[in-house]
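Following this line, the structures themselves.
Shared between the two complexes below is subunit A, which pairs with subunit B and subunit C, respectively.
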Partner chain A sequence: MNGFNVKFGFRDNFLDNLQPVDFLYHTRVSTNGCCASINALGLKHKELNDLLRETVLQGSTELVINNVFGQRYIGTRLFLPPEANKLHIEVNKFPGNDLGAFLNGHQIIVHGNAQDGVGNTMNSGEIIVHGRAGDVTAMSMRGGKIFIRDNVGYRTAIHMKEYREKVPVLVVGGTAQDFLGEYMAGGIVLLLGLNLQQGEPHRANYIGTGMHGGVIYLRGCLAEHQLGKEVGVLPPDDRDKANIDRYVREYCNHFGGNPDQILNERFQKLVPVSLRPYGQIYAY
Partner chain B sequence: MLVQKYYESERFVPDKEMDACGLFGVMHTGGVRFGGQMAIDAIKNMKVRGSGLGGGFAIYGLYPKYKDYYALHIIYQNKNLAAKKVVETFLKKHFYVVFDEEIPTNPDIRLFAPPLAWRYFVAPQKSGVEEDVPDDEYVISKVMYLNSEIEDAYVFSSGKDAGVFKGVGFPEEIADYFMLEQLYEGYIWTVHSRFPTNTPGWWGGAHPLSILDWTVVHNGEISSYGANRRFLEMHNYYCTLHTDTEVLAYAVDLLMRRQGLPIEVVAKILAPPMWEAIRYMSDNDKELYTALRMTYAPLLMNGPFTVIVAHHNEMIGLTDRIRLRPITAGAKGELVFLSSEEAAIHAVCPDLELAWTPPGGEPVVVRLHTKDHLQSLNKSI
Partner chain C sequence: MYDYLLPEFIVERREDSCIRCRVCERQCANEVHLYDTELDRFFLSEKDCVGCQRCVALCPTGALYVHPRQADYRPNSSWTRDKMQNLKKQAATGGVILTGSGNDKPIRVYWDHLLLNASQVTNPSIDPLREPMELQTFLGRKPDTLKIEISAGKAKLASEMFPNVPVQIPLVFSAMSLGAISYPAFKSLAMAAKEAGVLFNTGEGGLPVEMRDEYADCAIVQCASGRFGVDLDYLNSARIIEIKIGQGAKPGIGGHLPGEKVSDYIAQTRMIPRGTDALSPAPQHDIYSIEDLSMLIYALKEATNYTKPVSVKIAAVHNVAAIASGIVRAGADIVAIDGIRGGTGAAPLATRDNVGIPLELALAAVDKRLRDEGIRNRCSVMAAGGIRSSADAIKAIALGADGVYIGTAALVAMGCTLCHKCYTGRCNWGICTQDPYLTKRLNPELTSQRLVNLLRSWSHEIQEMLGGLGVNAIESLRGNHEHLRGVGLEEWELNILGVKGAGE
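Here is the complex of A and B:
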């Protein structure tokens, strides 16, 4: 078309005009012992993540990041050796997509809403969001815990997985949108529905479509057609009750609320009815 | 021995899959006109959603002085003056041109192959059999003629008191190039940052796509493009801009302007509920949604999309029915925002009062002098 090589106009929106990390460290970070406060205003996500890494390498273990507006991958590049200190990171206020992607052992606390992809393929650690989260929360998560105070978006816990002692946990205080637990292969999801009215069903449809492992504990009601074809509903047994008890109490520790009151309501347990729901379709 | 020589490319092109487009829209429901700063800053905040291969703005309430005339923004590719001559002869024959000028640009901003951009304020000059054709239809037919028959000339927008500024570059560069912040005010601003994946990045293919005062900015991919396009051709809409979003602009014009359907219904045509969901509806709804799906099957937009559609008095955000692309709405007083990412809204409006995300297929309708946008709140998260 028009004889143009259309690639010609391409610029790299990630790596163009980055500020050097030394300069950023001297202008953006103020430290006090092992605590560091970082001003992220206007930084690109690579600059901020470079800066976080630099700050940690300089010895800080408690980070407070202020003026965050949509910077992505916060916490991702802090993959430190196992013997290193685990970090405590507070984010004010609005982190971008893939917060804590591949997170390895650190604790991230968000004082605001998170966007899509919180805890994407997270390995271990903790993410606590004092607000809501967007789509694909806990996508492919393989360990650690995520607590979301309010609602979550579409495809929460999609393809969450577990292996031996590594069992990821996601606790959502509100409700979820469609495809909760889609293709879920392991792990534990708690959906508390605290912001729903008495008798108001959860919002999600197609819950657990393609689910073939793990468990969803759901407080509140829902109609049967909201479930995907691959899940069955059971009452929780004693082990389930212990799980629920433990994580509801942790949720209340983070966000307040009366755990006994929450635990008083009926919980349902959603589990897959087949280990290979699509085995017949794709195997040949 | 011959050794193949490697030439380093001039620019670094990362060979990884990256993100999709960024959208942002802001409207003052009281109709107060404001500058472009919020729109520009917000889309800048989402810079990683674009690749610098397209950016654009649609502004409503743009030309109060000429608000009774159709404002044609026309670009001439390769600054083709011969095309301009042909177009102007055509315009003089079919319209009364009350005023025309080159759209002012900042020569210090260097963009990739900028065309010549001109604007014409026109009133229809009908003759013969066309005298009974309504004005809007008349203008559409002429715009379609210009777009499809005259080489190197493309009509970017053709609405009254509204206009589209777009091109190849990051949206903030386009804003600087057309000096949007200094020169213009409007009560709706929508903006798009493009990350073209399937179709070329060129000036005409940048968003917003527009017909009359309808504009569409779009993130995603319309995989039903072929079916939609054939259906629209039966209604005299011809797709010439090599990009899938064009069908959305024409579909909206067909359904809302020509057929007079309200957006709440149109949303359910473009992103209809699944048959399975229809099965569990009340009898009334079942009948309605079945009828819509049967009647308008070729206008079902398949594939992932989020769009912000705008025209006078209305700005609408809509996603596909299983929300494969993100959208967040926000409100503060009479300002209502729609955005791909929530953080971008907070970045330009620190004291935002409300932020919500509607389910797939559920439109957020922002109307002048109403609080209709809050209707989507109950179903949202």
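Here is the complex of A and C:
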């Protein structure tokens, strides 16, 4: 509250009544060498991220965060010199939105479900979710890898892009909702459909609408009407097969399962029909 | 297909003055002038002339005269020449008509209907040449109250303070991205901002890495729907981060930088492959509500460790006041409002000319709403879109802006003549093009000096007008509608602007 204008009182859910980081560090963190265990129960997102930053500045490189319930932006604020020092972060329970947004090189493993915006504009690093993820997963992602064990929500991999040696990879074990790969400009998406019944099609419609780069590999069946106008379907060639093989094996390394059995099934490759889908709509 | 279009300009050459130096031929990227050596005469391709006046300005003997060719068709107030030409163009191509720069339609310019006050007898005016006159402005959220604790005889500030960025003059260069404008033009803005102690805005095209050491300190970087060039280094190098929701010239639509403009250098700054279209979707797909906006605002604050103000730029549209209130409640430190006369590198003509509302009305409505709700201190308000002179800028501040974005005015200072052909990529003035033959016409050392001169002259003029009002700090004018009076305005307009009619 601003103390003056009760009628239009302004409550800041994020920043009001924060606990000081020193206090939190002494009460919430237990360290053992370079490993730190953090109890996030009831913390606001800024408190938790203050605490993560402080813990890393104190020299920890392996973090285990317990009792995470909805705290946002885990990993975002850990942009610290020296860049070479990559962190390993384990999240137990349920992180909030924008997990690993703008992530730069760290590895985050989630034992639970993730919400919206996983890996938003991620630059490098790795996010592994033992569960499902919400909408706009891997939005505008430019590099690194994301593995989701189960399903993802709407507009997954929207505007994913690639740049020189940076090619982002998203592997989803289940299926996705509408607008998968919309506006996609680069990178690799692998949709395995492991939780679909035999013959059950993927759920998404408008797959790859406005896509102008990158590739989506899809295991399982799909009807023509589920694809966006800007997408073409091809059988995978040898290079695609090598990619699929590699990332399916990585997926099974993280979550278990038999890679050969998964690879046995037919894969389809979705690519943009044009690199310039909207080049012809203007009069110059 | 034959397009049946008539030339828009007449090019006249005074043969007795022309010395056949062929400057006009070399300067015109549209190839309007063509010299035949054998016949020793110039041929004209008038239909390609865009009226940018480059050849006229550079002709050493003043032999050229380019003027609009207005009434070829039978005069008609409803079916104007523009409308008919556009219909023919669309019939020939089936395409969306593009245009560049800002709205040129006769929508009321309220600046011209607002007049400033001056001190007479009852209040002394101030002479800024001999007395201090403060123009410095701080952009960012201010605390609700100032708490001061006194212990052991020493006063200490107890309120939490938020990151603020000072500008020496409340004038900031608008968002113009590298890619939309040329590298020399972009660099000129950066150099001028640095020298004048103000800021420039990189737009959403990224900030080249080699410019960061020197110019990041005066940069506002944008995070827009394409997220081009956005990484933690980019965000952390800047002074302010701006989330671009909309643009006054094209509210509600995204941007397409065509693949042919994505050169190696542009690709590198935007972090995309060379030659692919840089598509900015119309919405930011992680923002479908005020709550989602809040999520991105705090993501950016987290990414920069809460050290930088976050700005949100919206186009002036209906209900802008309620939207601005939501933006402030979402946690933005700065709200930028871009009016219908804001410029662009490329926009569909139909959108540019018909979507949005004038800045003046939007600005007054936003300022009033934020005051009424008691949250005006939580943000700075930036006004953008069609600020043509120091007088417009000072009126914007009196209507409630903290600072003013200038885009088109800066381009004109660099040489732009508002030919509205920015989207063709063949800007003869070297501003809105990536063609190296054209871009080298701008020398950042000289052009930045022109921009600094512009800022200096505006700041002198603002000081003079402030002195006349009898105030010695720009803060005293901010949101002070008592210093404004309207002429030729209807009652509803006066009400929205919150000013009295002249004579009252």
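Here are a few things to note about the model shown:
The criterion applied here is as follows: the second predicted complex is superposed on the first by the 269 of 284 C-alpha atoms of A that agree within 3 Å, B and C clash if a C-alpha of one lies under 4 Å from a C-alpha of the other, contacts with A are read in each partner's own complex, and residues count from 1 in each chain.
Here, a contact is a pair of C-beta atoms (placed from the backbone, for glycine too) under 8 Å apart; a residue touches a chain by one contact, two chains touch by 3 or more.
Quick caveat, the model's predicted, so the values are computed rather than measured.
In the overlay built on the shared chain, the residue A:275 is in contact with subunit C alone; subunit B does not reach it. Once the two complexes are laid over each other on the shared chain, residue contacts for A:79 go to subunit C alone; subunit B is not touched. Once the two complexes are overlaid on the shared chain, A:93 sits against subunit B while remaining clear of subunit C.
Once chain A of one complex is fitted onto chain A of the other, the partner contacts of A:45 extend to both subunit B and subunit C. In the superposition on chain A, A:203 contacts subunit B only, with no contact to subunit C. In the overlay built on the shared chain, the residue A:117 is in contact with subunit C alone; subunit B does not reach it. 2, 4, 8, 10, 12, 14-15, 45, 72, 97, 116 are the residues of subunit A that lie in the contact sets of both subunit B and subunit C, per the superposition on chain A.
Within the complex formed with subunit B, the residues of subunit A that make contact are 1-2, 4, 6-15, 44-45, 68-70, 72, 93-97, 112-113, 115-116, 132, 134-135, 150-154, 174-179, 203, 205, 223, 225.
Touching subunit A in their complex are the following residues of subunit B: 11-14, 45-48, 50-53, 77-78, 112-113, 168-170, 196, 200-202, 242, 276-277, 279-280, 322-323, 326, 328, 341-344, 346-347, 355, 357, 359-360, 379, 381.
For subunit C in complex with subunit A, the touching residues are 89-90, 92-98, 144-145, 225-227, 230-232, 235-236, 256, 258-259, 271-273, 275-277, 279, 281, 285-286, 294-295, 298-299, 302-303, 305-306, 329, 331, 372-375, 378, 423-424. On subunit A, the positions that touch subunit C within their shared complex are 2-5, 8, 10, 12, 14-15, 45-46, 49, 53, 72-73, 76-77, 79, 97-98, 101-102, 104, 116-117, 120-121, 123, 136, 139-140, 142, 155, 158-159, 161-163, 166, 182-183, 185-186, 210, 212-213, 275-284.
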